[in-house]
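Please find one structure pasted underneath; my questions will follow.
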Amino acid sequence: MLMNAARSTLLIIDIQSRLAPAIADGERVIEHCVWLAKLAERVGVPTVVTEHFPDKIGATVEALQAATGTARYVRKECFSAQAEGRLAGTAVEARPQVVVCGTEAHVCVLQTALELRWAGKEVFVVAEASASRDPANRDLAFARMRAHGIEIVAREMVAFEWLQRGGTQLFSAINREFIR
Amino acid sequence: MLMNAARSTLLIIDIQSRLAPAIADGERVIEHCVWLAKLAERVGVPTVVTEHFPDKIGATVEALQAATGTARYVRKECFSAQAEGRLAGTAVEARPQVVVCGTEAHVCVLQTALELRWAGKEVFVVAEASASRDPANRDLAFARMRAHGIEIVAREMVAFEWLQRGGTQLFSAINREFIR
Amino acid sequence: MLMNAARSTLLIIDIQSRLAPAIADGERVIEHCVWLAKLAERVGVPTVVTEHFPDKIGATVEALQAATGTARYVRKECFSAQAEGRLAGTAVEARPQVVVCGTEAHVCVLQTALELRWAGKEVFVVAEASASRDPANRDLAFARMRAHGIEIVAREMVAFEWLQRGGTQLFSAINREFIR
Amino acid sequence: MLMNAARSTLLIIDIQSRLAPAIADGERVIEHCVWLAKLAERVGVPTVVTEHFPDKIGATVEALQAATGTARYVRKECFSAQAEGRLAGTAVEARPQVVVCGTEAHVCVLQTALELRWAGKEVFVVAEASASRDPANRDLAFARMRAHGIEIVAREMVAFEWLQRGGTQLFSAINREFIR
């Protein structure tokens, strides 16, 4: 299926203060995650944010905290956010589609996306908003996820699929604020 | 199956005057769509042209209008041309194969192609004649469509599969006008 | 399955005198086809060579004719060599695996390989020995064939799979003449 | 499934003294194989090392011998290590997952990985630790293996999947010695 706003959750993985500076093109990845968080809020898609050992790796970066005021935050100790029932009771559990982004693409994003897929979810990973320290690892992660039926999407695909149609007030606002 | 002229429709998506200038290598994309439209007419394949909010995004560019005199034009408000029954009653509905091109590859072409595929059509997207503003988005769209069994083809594949054989008058004419 | 000499036929498509000079890196493609033909003869794999309208496009290039003295030659008028029963009665029909090379990758090689695959053959297309005038078309052909379960292989994969093991006299000879 | 330490064997193919110098970026490939061997030992994953005609191609390179003191060594004459029951009685037979690396990617690694896959194993090939003399052959091998459900992974994927979670003493040690 195409991504559908009523069926989707946005899941942002481990955009944390001590990891982000090591990520390839990390500033841009944060910007794209913020963009997705604001878009989700605008169209009414719930957001879940994970933090991996925040006492060691730092809290979610401030720009993303500011954009996810209404989001559910989840702490985790396994690399996969799906492990140990950490997503139980969140929108990820309740809704059939999960739009995933974050870091590192080949570790926590990969393991989470694969386990969500094997649990029966439709999983979409946003290319520009997912990265690793080494870009070669991100590319291997994307190829591996594709082999399991996970869709690697552009952030604009998310916007246009959640909107479905032009000509509405919502479309005009989002086109002005997010696309142009 | 290979593309077959008696089973195919050519579907050209949103080559419109206010969108085309923003497309990467847009002039070349228009040329390739014109090439496909003329080829389709030559071999007797029906063409359907979509326009997305033409009052806002402009009419189909003139060069393509000139090449699609006998085509069926369809207006749409959803990004997917398959939504809201807009292709009902056209050759796309009647024939099992759809050869798709146009813009943007990762929005209207992608959504239309995927929904046609899920509706049971054999879908072929022509690489040189499909594009986005950002080439990275086109590449993500091609990879995503491939994962759903959509074939990304070269325009010459269309010509040689529709023709099936050499040695005919039709082949000689098309070889002279379209290939060399 | 891996390629197996007792189960394979080598099928060389349309390496003809008036087409070859237009092929990207055409001289190298001819060399690789000659290499494969000599290898096939050495390990006892039968070879079939197709010619598309040889009166118009020219005969098989001389270097390849010299290397395929015992091969079966087949003329064709359709782009797919599998059409109109042209391969009936040849080793391609009798054996379950077909190792394909030649030109153009996106026309006659593609159509033949796909139709052989759909007819139930295991099809292997040799990357270095298959090409088009435009390399972009070859790449699209390789991706499309892969999507249908056709394997794109390196010429050395053919040699080492046909041989299966080292340490034999045949291996030593082939290693000396074909690999080093 | 993700790679799991209790279910995995590390299988290192033909890192031998007379072949290694011919491999593209061969020194780095050896380093990555040594890295994997040490990691496997640290997390309790058994290692199997193959040698192809060691009397002709040389013994396993010294750096890797030093890192695989507890490994099982297997000699082979076929390119596929799975042929002729050479892996019978080893951890490869006993455990459902095999993490493969070595040389050449398009010959012995490819044939072994494909035959293990067809025998029902979950097969993971480590990208940085597998190579050929010609990098184009490695790339064709990776694409071909992917088409058969073999996963091409980064070495860090192996580490983080075998570990599953952070915060443990084992994680801290491995993070310090292998990742940073």
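In order of appearance the chains are A, B, C and D, and numbering begins at 1 in each one.
One rule holds in what follows: a residue touches a chain if its C-beta (ideal position, glycine included) is under 8 Å from a C-beta of that chain, and two chains touch if they have at least 3 such contacts.
According to UniProt, the chain labels map to these proteins: A, B, C, D = Isochorismatase family protein.
Remember, predicted model here, so these are calculated numbers, not experimental data.
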Neighbouring chains shared between chain A and chain D, ordered by label: none
Based on the averaged CA atom positions, which chain is farthest from chain A? C
Interface numbering overlap (same over half, different under half) for chain A and chain B: different
Counting in whole Å, what is the centre-to-centre distance of chain A and chain C, each centre being its mean C-alpha position? 46
Separation of mean Cα positions, chain D and chain C [Å, integer]: 32
Among line, ring, star, complete and other, the chain contact graph is ring
Looking at the complex, which residues from chain B come into contact with chain A? 52-53, 56, 77-80, 83, 106-107, 110-111, 114-115, 118, 136-137, 140-141, 143-144, 147
Listed in rising order, the residues of chain B that touch chain C in the complex are 1-2, 127, 146, 149, 151-154, 156-157, 160-161, 163-167
